[in-house]
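Heads up, there are several structures right after this.
Paired with chain B in one complex and with chain C in the other, chain A is shared by the two complexes that follow.
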Partner chain A sequence: MRGNDRVATHNCHSRSNRESRKVAAFDGLSNMELLLNSMVLPVTFPLAAGILCLLLPKAFDRARSVLATVASAITVLIVCRLLLEWKQLPGNAPMILSGSAWGSLRLDHLSSFILLVTTVFGFLISLYSMGYMRGKERLREYYAWLLGTIGIACGVILANNLLLLLIFWGLLGFALYVMIGIAGPEAAEAAKKSLIIVGGSDCLLMLGVTIVWVLADTLTLSSIRMDLADGIRYVAFFCFAIAALAKAGAMPFHSWVPDCGAQAPASVAAFLPAALDKLLGIYLLVRLTTGMFVMNTAMNTLLMLVGAGTIICAVMMALVQHDLKRLLSYHAVSQVGYMVLGIGTGTALGIAGGLFHMLNNTIYKSALFLCAGSVEKKTGTTDLDNLGGLAKVMPLTFVSCLVAALAISGIPPLNGFYSKWMIYQAMVDSGRNGNCLWLIFLATAMFGSALTLASFVKVLHAVFLCKRSAELRHRDIREVGFSMWLPGIGLACLCVIFGVFAYQLPLATMIFPAVGGVVQLSGAWYASVATVLLLAAYALGVLVYLLSTVRKARSCNTYIGGEIMEEVFHHKGTDGKVENVEVTGVDFYKTVEDLSPLREIFGAARAKLFDIYDLGGKVSAYFWEILRAAHGGLLPMYLTWVLAGLLVLLWMLFSGGRVAI
Partner chain B sequence: MDLGYLILQVLVFPGLLFTAVAGLITSWVDRKVTARVQMRVGPPFLQPFYDVLKLMIKETCIPAGTARGLFLSAPLFGMAAAALASLLIWRAFLVPGQTFSGDIIVILYLLTIPAVSVILGSFASQNPLASLGGSREMKLLLAYELPFVLAILVPVIHTHSIRLFDLLAAAPAVYKPSGIIAFAVAIICMQAKLTLVPFDAPEAETELTGGAYVEYSGPPLGVFKLTRAMMLFTMPIFLVAIFCNGIAFDKGALPILLGVLKYLGLVVVVVLIRNTAPRLRIDQAVKFFWGPVTLAALVAVIAAFLGW
Partner chain C sequence: MENALPFFVAIPLGAAFFIPLVSLTLKWVPDLLANAVMAVLAAMAFLTIGQAGFYHMGGWGTHLGIDLRLDGLTTLMLVTINTIGLAMAIFSVQYMTKYTSKLRYYSLFLCLIAGLNGIVLTGDLFNLYIFMEIVAISSYALVAFGCEHDELEAAFKYAVLGTVASAFILIGIALLYAMLGTLNMAEMAVKLAAGGMNMPLTVALGLFLCGFGLKAALVPFHAWLPDAHPAAPAPVSAMLSGVVIKTAGIYVLSRLIFNVFTVQLVPDLFSILRLFGVVSMIVGGILALGQWDMKRLLAYSSISQIGYIVVGLGLGTPLGLTGALFHMLNHSVFKSLLFLNAGAVEYATGSRDLRHLGGLSRNLPFTANMSLLGSMAISGIPPFNGFWSKLIIVLACIESGHPWLALAAVAMSLVTLVAVLKMLKRAFYEEHKPLTVHATEVPVLMRAAMLLLATLCVVLALLVLTGLRTPFLIAPAVDALSTWAGTAPGQGMGI
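For the complex of A and B:
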């Protein structure tokens, strides 16, 4: 573009002020060089590949899925290369690409970790989609938007300019809308709801950006640091926080997540609400609370309140769901509560715990959604009433689902337990610093974890362990193909590895640096040692089994009341229909549901009294009714309005500046 | 940390073997006291050992068409977790300096694993009675978890630490009114955690014929029984540690004797409750725990905040 050579290389710069180091300047690059710059490439490459996917004709659907998978794998490599490049900077200073035209890009510990996780998940979802989406409609748009979403998300993470962030953030909301809609016309309502809630929060983000721009006189994210000194700054903070929480799906901005999760294709649900939107929402929240704003106790307590409320309300809703994907979506909401709770403590340990929980949630929640997708692919339903007995025929899916379910319930030594344990500890610490509600939050969080276990126990029973439902009994169901079970198994392994080697792997390399590296753990929970001990005791038990009669175990029918169960329970009714008298597990918590105050609350929740979308709809409908009266369809009426408006304008014009427009 | 030494600890003392033997002895105490209450003679001292050994040589039956791996592993995981929990508690007694902050939370979570293993094992049985038993076990867990956590947190508020060692070093929680209420709540929750009468709905011999365990036989059933015995030992020890300073091993013989007496006293309370109360239906149990028991726990928490 321009001739002057202002491209600075990484190593020859050693200014004292690290923040102002410019790794490269836009002005010195040609357009092509700019697009291929290692910091821009994670954004442009997937977008370009997405456009290619869009251009391929319909006959090449198979090639398109391969192309998308390869492209997302290459994106991971591009990000890895960028991270290596960044690691070579002296002192691990943030890597900055600045310029006037686009704003600037910035890579530091926090964004690098989120960037890597995002692209890895993009790859896993593409791989899974090869099997899951095969033979479905609108694949062209699906893959184009999948890759596009990866690129846009990278843009959000790298952006160091609030306007740039806002643009990518808005695009992501739109991508969500399109990708939910791909499931077909029945998903249109869910897509619209998501667009309105997420888009509404985008408007607030826009307002927040404007306020911050006026107050701080800059749009550069890394140089903004504000005290919550007066009302307008609180407004700005709330605007940003609501945008972050709505994206992550925390209450009361959660109601798009269950609809989206239930209606969208399972791969989309696993990628967007379960993984990516959590990553980005929590990323923005951490940026807000640790960078842009100086938090005070009241705001931290408010965040913790939102977190604790989200945990308990969402998990209660999950407990009584009948649809697998909807149930998982409520957990996607509930888990956000733990992250917000951790960040709300305001301590380094709590924020690290929140970030770690975000990573863990991404892993196990995606695994669960992928399992739900596999079940749906093979049985054609996700209704818990009509499933059952899949453990024997889909063992790999079952194992990955079991591990992920135990991890999300916080069973030690899996990863979910480690991050929860960090958050709990941070809460006790925050109690020492004068927060008096910590105990209620702590008890809520631990109780929420028991409720999570309860709802997953129900899932495991209804989908995998109980006898097959009448619909499935005579169907030949097999395990899903390689590309579909591999991501699930891989994620389940990660659940184990990140739990057992939590300190050595994710915490020391990614998460502690992201919160500044000063995390105090007074004598850690040695998950790896504990695992060895558990396995040792387990192995002793296996030894006992091997020495005893278990080797020659006899397989026998299940009897009930002295009769073979199948014969008693599966007779045909008088109308020729097979009666299914079995316990499916769907109504396990009927007794809990029917307890006195809970019954009314569940009733209100079913009537959508807590849904911000429906409430907002009712409020705006009220105003519509008033405005509608003005639209009577009568020409004289409209002419009167026009004339009145004209008169007002004239009066303003001629009143000579006394009325400010 | 010497890993080999720790493995020996978890397998022998104070882990698996020690807990199992102590638990079986405790279950003998339970049976003997129960017999006395019912004007019977009661079993000989070694009867609980004979029972478990007998199960080890009985035939194993596995329901056809089930997930065999889960069916067989579930009891083992419960046993392993109980052993590890016991190890963590006893290490706080024996080598106080080496415990870590937050170990109470780890122990709390480990102590739920035996219940989880019973639930998963019962579901893998593919029998409606077992499924119902498992679901009741789960509901019971939901019911007592909230008041139990609140009660455990009362001493934590007193000392501002979630490290078991700090609780052992501080003044016992039961010296304060809030501690007494919390202790009572915790005892009731323990009764449910051990699924003893009045909270034995998951097994309910008369209606579910053993419920969760209905399809289990031979060694896997033996392991379940052993885990129950281990929990019968570990749970009272945990409560004694949390609320009454546990057992002090570094101050001579008298404090050790005192500690053992505290433990035995708690066991006798458990046995007496189980012999004098009728079984509650599961919905009554849930209502009971979420209603009055949680209320009492909250009162204790508020009192603890006020320093009482």
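For the complex of A and C:
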């Protein structure tokens, strides 16, 4: 059965019609045909497989991981089949399934691309989990929720009904909570924090949905288009935007991401905060800004402000982290800034850049988290102090980490460069169109990119290049197994492919159709040509080095990570030779922390003054103290309250309509 | 069905006094009998779905005798009371072995059920008072059941404040009777509509709002609840928080407000409800945050949830009523479940202080999962039942033009989430503490009771499939509240 011939009509505006239609959205319970509909299958199939995983007894853990991987691969195929079916529709019109118990589902350019990426990542993570999670506890729940998350995410992407979107969205927060908690007692706090921030934004989303429901008189996403005309519409917009930004992890709703990244299993961190939550958060933000609401300059500027602030603050925090997974999480936050910045420009180019950056970030950030997971699996730690020298023993992990690190830092010709390039151009364009702050935003974004590179120099040095730490020196560390290095290498290859063939592959086929307009690139960047030129330049450099034509070398102080290592390198032993020095990389950028305004800011950040979770905790604790002090436990006092309450009641009753709330 | 109505009171009341007689030698009789009684009552309650009618006790007319009446709201309440009661009876079989006298416990418990059923069935204000006193006195005794210092203190506070409320209510009833010359609520409604309000009637209404507000634990009349609900044995706490405050408080308030006084007579009525509702919602929610006693945390959250219900009632729209009544049903299920979880934790470890608990998800996986489910339901995470009733209430707030109430509702939803996540983390997901290392999973009947309620949390969410604005079981109750006064069946009889 094909859904396209059942496009719903949404033009009934009278109250009675509306009543009946809202009821009708829920009638007609599931039938088998509907469950197997090609649009519903991406949701139901992984969920069903997840339930099967839950039911398999504990002895079948190996079979369970295989089952999950196969099921997630089949989900990719199901999505591919759906996309092919959709491509055959005349003119690539959105494919809509409606008038059923499922509300309404829609597949268009934007959702098709995100759907495909989501399921592919689901498959890669399942594959990785086969090795990474082997022998851990609670695998039954882990695989059930992993598959469940894929299905629920497909539901979010396909939903064309706000209520359906709200349900799937909330379920995703719950799934996040359970999956972080699987790591064990240490992760309990991170799980709680994540659900409080994400679940709190879900509450706001509920408010937003109800406001839009009442104002627009419909729940169908595709038929809502609202001007930001009055206060209540702004409230609705902010509710949706906060839900999207909290899910994506933009500041100031970011603080769950570092905790989650540091405590959750690496595969969960790579899948949820690094990949899926970004995809969905940005997806909703794009839907909001291009579909549901008509944006104005002030809102666009606000979004850009959030984006630029996120980039710079999060990358500064990343610079000083000591834990690999936490450091990567701060970068996950920082990269959201670019996406929000791009979307905030409001131009087709900027939104395309934001979406492309989202795709790229998903690729390289997952790769980085998977590398971190591999390192953790083999060494038992992610503390930068205790790592080092792994490049020799884990070459495949190193290569994928290196490529991903270069990509995230925006080194041409990798994919991260291309999307940042698009965003920069969009900002220049927005400056031409009268945005006076564009130069500040552009400078911030570029500076953030440089700091990203700096922080990954630290990571690569501390984990892979410097000498092994004392703890690891005598351990036999080997490369991880096939199922664990393959996803990383595959993602690294994607980084290269999407960079070199950026226009031909992702942009022309997925991103530009998704923003629906003809995108004009003002600054030319011919990725393929540039790659050849860059390669030639590198080759030339090697040639120069090999020929050793430069004979007159300049001598200067040794420095690493931008700092002169006087005391380390110039300390000579008794025989006059330089002693066996170690530079772990943890000390990089120590000076940054000590610079004057930054020192105070870092101090405040360490005291969690910028953490909305902690601030909320303090505010509620303040009110709690006041109320608690009132509850002294004395019976006469409580009796007084009762009498006072009675007097208030009588006063209100006799005041005759003067009291209104 | 009408002829079966007296049995909702007669069976539990009879069993309450029969149990001590037969079970002095046979120890298993109280368990069996109480469970059998509750099963029969629950089955009977389900049979009343879709029925309506009234029963004149002893064949006396409405004016002189006692009327029992059955409508949509009564059915909803009967189903709630007796289903939750059944779950509590199942839970009690093994849980109450740690107390000395199961015999007395079941007697008091069944008295409580008889009183609750009586409150929702009677059509007569004075009988309602009598049944309410049966409920109140058995609750005082049940709260004091542990006979330790805390229990006795809590029961004393509860008794004093409860008696104040009863006195206010009795004065109110006397005033009404003096003014209107009848105690039958349907007749009162007719006479009030004809004669309008005057000063004594307004005072009576104020006394009712205060008295039943205290029974419902609305702020500022809530002070007894955080002591009384934690002190009682777990199934009684569940019953008190899940059912009693709703039956003796919310049910009677909504009957009086919608069926007797009506907003046409008292224009301020709805704003009063909204004010007290939103204050309860906020104060209860914030107070729950800082609690360390698992049951006390849940008790404060009950105040907050009652606030949601009263806000929904105070909107006065059909959708608001739907949300309020749906939330009442849902809250009775998930709050009972959470209290049973707290009871199970206490049973397994001997403590319910969150500072001394931890890691129980590994020893008590079943209880932990049930708690997770109940917590998600109460904090409105989809797809559980709490999500739907909160959604309806928020939607009703927006539709009737009260965006600030909607904002308060979603904000307190977050606060509830914070409170229950604290409980989950401290009790179940953190590292083990000395007290919890050797705890073992609770016995099978306790698990069965929790499973029953957890299943209901999921099943009740399906009610919205019958229409978000007209859910099965809820819609007839909303109809009963909106139309009762106009079409009182006893109107023409016996006068």
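Annotations for the structure displayed:
In this section, the second predicted complex is superposed on the first by the 547 of 661 C-alpha atoms of A that agree within 3 Å, B and C clash if a C-alpha of one lies under 4 Å from a C-alpha of the other, contacts with A are read in each partner's own complex, and residues count from 1 in each chain.
Here, contacts are C-beta pairs under 8 Å (C-beta built on N, C-alpha and C of every residue); 3 or more make two chains touch, one makes a residue touch a chain.
Keep in mind that what you see is a predicted model, and the values were worked out from it rather than measured.
Using the contact criterion defined above for the overlaid structures, shared-chain residue A:Gly199 touches chain C, although it does not reach chain B.
Looking at the shared chain after the overlay, A:Leu84 reaches neither chain B nor chain C.
Of the two partner chains, neither chain B nor chain C is touched by A:Ile51.
In the superposition on chain A, A:Gln425 makes contact with chain B only, while chain C stays out of contact range. Of the two partner chains placed by superposition, A:Ala607 touches none, neither chain B nor chain C.
According to the touch criterion, chain A has no shared surface contacted by chain B in one complex and chain C in the other.
Residues 389, 391-392, 395, 398, 402, 406, 409-412, 417, 421, 424-425, 428, 431-432, 436, 439, 442-443, 446-447, 450-451, 453-454, 457-458, 460-461, 464-467, 521-526, 529-530, 532-538, 540-542, 544-545, 548-550, 552-558, 560, 565, 569, 582-583, 585, 588-589, 591-592, 594-595 of chain A touch chain B in their complex. The touching residues of chain C, when paired with chain A in their complex, are 156-157, 160-161, 164-165, 168, 202-203, 205-207, 209-210, 213-214, 220-221, 223-224, 226-227, 266-268, 271-272, 274-275, 278, 283, 286-287, 289-290, 358-359, 376, 379-383, 387, 390-391, 394-395, 397-399, 403, 406-407, 410-411, 413-415, 417-418, 421-422, 424-425, 429-432, 464-470.
Contact residues on chain A toward chain C in their complex (touch as defined above): 19, 22-23, 26-27, 29, 101, 163, 166-167, 170-171, 173-174, 181, 185, 188-189, 191-192, 195-196, 199-200, 202-204, 206-207, 210-211, 213-214, 232, 235, 620-621, 623-625, 627-628, 631, 633, 635, 637-639, 641-642, 644-646, 649-650, 652-657, 659-661. For chain B in complex with chain A, the touching residues are 1, 3, 6-7, 10-11, 15-16, 56-67, 70, 72-73, 75-77, 79-81, 83-84, 87, 99-103, 105-106, 108-110, 112-113, 116, 119-120, 123-129, 131-132, 134-135, 138-139, 141-142, 145-146, 149-150, 153, 156-157, 160-162, 215, 218-220, 223, 282-283, 286-287, 290, 301, 305.
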